[in-house]
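Below is the structure I would like to discuss, written out as structure tokens.
Labels run A, B and C following the written order; every chain starts at residue 1.
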Amino acid sequence: MTSGVRQDVLLASSAPDGGGAFDRTGATSPWRSALGTLARDRSAMTGLAILAALALIALAAPYVAPYDPRAQPDIVALKYLPPTLAHPFGTDHLSRDVLSRIIVGSRVSLSVAFLSVVVAATVGTGYGAIAGYVGGKLDGLMMRVVDALLSIPRVLLLIAVATLWNGLELAGLVLLLGLTGWFGVSRLVRTLVLSAREDEFVTAARALGATHTRILTHHILPQVVSPVLVAATLAIGNVIVIEAGLTFLGMGVQPPNASWGSVFYDGMRDVGAAWWISISAGAALVITVLAVNLVADGLREALNARQLPAR
Amino acid sequence: MRRFLARRLAHGAAVIFIAASLSFLLVHLAPGDPFSSTLDSAAISPSVKAAWRAAYGLDRPLLEQYLRFLGQLARGDLGPSLLQPGPASAALAGAVPNTLVLMGTALILSFVIGIGVGSWQAARAGSGGDRVAGNASLVVASLPEFWLGAVLLLVFALRFRVFPAGGVVDLVMHDSLSPAGRVLDRLRHLALPSLTLALLGSASIARYQRAALLDVLPQDFIRTARAKGVSDRLVLWRHALRNALVPTIVLLGLSLPTLLGGAVFVEQVFSWPGLGRLAAAAFHARDYQVVIGATIMGAVLVVAGGILADLLHAAVDPRVRAQ
Amino acid sequence: MTQPALLTVSDLRTYFYTGAGVARAVDGVSFTIGTGETLGIVGESGCGKSVTALSILRLVQQPGRIEPGSRIMFENQDLLQLDGAGIRRVRGNRIAMIFQEPMTALNPVFTVGDQIAEVARVHASASRRAAWDRAVEMLTMVGIPAPAERANQYPHQLSGGMRQRVLIAMALIMNPALVIADEPTTALDVTIQAQILELLADLQQRLGTSIAMITHDLGVIAEVASRVLVMYGGEVVEEARVETLFTEPHHPYTEGLLHAMPRVGRRQERLAVIPGSVPPPTAWPTGCRFRDRCAYAWDRCAREHPPLYQIGVGHVSRCHLADEPERRTARATAQVSPAAQAAVPGGGA
């Protein structure tokens, strides 16, 4: 099954109609042909455009936001203002401009998700590569541990780990989300490595006296990259939601910092009186996650790694 | 079959043991303990805190604490709850049935909706209706649980008061209702939270079911059925669906942790006193006994659900039964 | 053709509208099957024989389409004009099919008894009980030992030969007028093959069913068929009684098939093989569709699509050699034999 993944990738990269950028010199890069496929995938490009716009807004947040996201001009007269031209998403219980808070909050939401997925993908790849490459009893033990970790609902695990944590800063949050997110990746990498290990060119490299490190880094890991990339992209959407959910539960990002989760949480205090706060924070989440999923779907098609989990 | 079940149970027990050990370890590796919170540290003198730590055995080496934890766990004891009077296990025992009811209802609903929509799509793959449903399920599958919950709450509980906004029963009226009225009261409270989870679950199941059916429909035995004179409707619902259910059931087993995670948020939105809401409350109280208990309980539910999914798999696919 | 025709196919065209163009898989095929007769349909894979079979019961799937102008007369009605319910009343009831892959033609999640009984439940609206009893009876008839127990088993618990017997039981349960058997023995090993053919022949004797036997194996044809249709390139290229076909084949393609056939009692250095392969159905050659692979081909074959020439009584052939027979003898004297010529690479495209 897993060798099928790699064969598909190889086939896709060598088929002339598999990618737009087919190199005439004959040395086709699988990446380039995959990029060609991706560029012609309209929904993936839409998703990518949305993500690029969001990233720009996040980077330029202080300049783009119409108001100071922490300013509380008049918490009696100006609280819970419904959406108007002056405040497109209204104001919250402290008379703060919701749009500005969402714009500034995107920085936290996006960067926490991105960084924690980097942590998760790195740890997962390392763990899975060791288990798959060493094999035998160690592999059995390591995978049993992953089995157990996968059977704990991630949200509950996060709550458990965060419980005794003093003053969870953003760095801590990234670490927590990263360290609870690598189990699936490790299993994926392990199966990929397990089958790559049996490849002829790996056997050949070994016969030529290549060291373990060299075989792993030069021959095996390159084959693992594209499935991990797809899995990581999907995970970003997932983690954005989990981070917002944790913040909504009262862990995660702490006031007065804004993230989409905290804006949603503020809105839920009196959702009957001011529905627009939570709904617009949620809409930002939904659009982002949808964009990420579109890109991940496109990547999966382009890299032909359809055997990956759907979510 | 019995051997299969025994092996599966043994595997499940091993998984739960490892999960319990890991959650104990992870909780205690965190920099801090229940009495080191920055919020209340100023008011209470260090000597008092030290006495508390000793009382809960937190001053002992980690290994000793771990062994004591295992010993207690074997007896179903998780130690005293810090959040509420009584043992942590009692708090859990109160919460688990509520979560089971919520999850069970949501699972059944999401399977009925998801399989229905997915099969409907597969029967007219490529048509406009299929595309609309496909895009809709992609969007719904991307919705965060708490957001969809909030929208349903706003519309159906606050704007149009069709369903109650939260809780398991009507706190004021429930006891004075007739038996039938009580059941109805419970169902009305269950409707929105279970629908939230079910809609999300059904979106991914529909996508999966559609793909599975499209894998089955070109197969030879479908042609055989058509050649026998079986109607298209029966070919789809009897011959193809039974085969397409196999991957969907496998998916069900694998998606349980995500589903339970989603339930945590939904319980919070609808004040549903289940495992997730208990864990969140325990988090704020630094009630680590209850938090560990809830985590282990979560793993137990996932493992038990996985075994159920395997049994269901065997019921649907005779080839699995033979192994 | 002494028997009255049970099935008359005229000018059947089944085209597939694919991204690579229109595949004319079946392109103007006409033939008849008489009551109680066994017609063999033979050809390489890709010649259109299986699509012909599927077309009769209108089982061709998208993007395939039976073109207007085709007619399939069966028991005084045109099968192509029936509505959905009408054709379903024929399928499995008056015309049954036996498919070639006994491994995959049975549904893996239902017992074989269920799958046989389903036919009776659909067509005879038999009760669950009655249909089941009938299914067990059928299993007995097709020679499955311990039929009552076997009926309760799933396909994966049976051997290939047994599964094929189950498919035959399924086909015969309604006592159909015509059974279309598409390579029923291809996936089986030789001894089982012989048993299945014997069973089919025996059942036909007893029940008087007509059979259309589709195969690429002339050995099977020799054993069961009384008349043979040779197909190539989506067309009928030769039709003859079975003895005639084996002793006096006319079409070069038939000759090639006969030479490719291993025979008992005749030692051959190597089996002669027709050079090249069937061209894609999206691009049949102009003129004669076999000419690229034919040892006799001359300029006329590229120019002119050969009609079916009458060769003898009940014997037709789609080859211009019927018009210019001297070319065959000229060739035969110039070369050792057409088969030897055919075996030389380069004879094809």
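Note that a contact is a pair of C-beta atoms (placed from the backbone, for glycine too) under 8 Å apart; a residue touches a chain by one contact, two chains touch by 3 or more.
Model, not experiment: these values are computed from the prediction.
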Chain contact topology (line, ring, star, complete or other): line
Chain pair bearing the highest count of C-beta contacts: A-B
Whole-Å separation of chain centres (CA-atom averages), chain A against chain B: 22
Length of the line joining the C-alpha centres of chain A and chain C, rounded to whole Å: 56
Per-residue overlap in chain C, given as positions that touch at least 2 other chains: none
Of chain B, residues touching chain A in the complex: 14-19, 22-23, 26-28, 30-34, 36-38, 138-139, 141-147, 150-151, 153-154, 158, 204, 207-208, 251, 254-255, 257-258, 260-261, 264-265, 268-269, 275-276, 279-280, 282-284, 286-288, 291-292, 294-295, 298-299, 302-303, 306
Residues on chain A engaged by chain B in the complex (per definition of touch): 144-145, 147-157, 159-167, 237, 241-242, 244-245, 248-251, 264, 267-268, 271-272, 275, 278-279, 282, 285-286, 289-290, 293, 309-311
Residue numbers on chain B that touch chain C, as the complex places them: 218-221, 223-232, 239, 242-243, 316-319, 322
Of chain C, residues touching chain B in the complex: 57, 59, 61, 84, 88-93, 96-97, 99, 101, 104-110, 118-119, 122-123, 154, 156-157, 167, 170
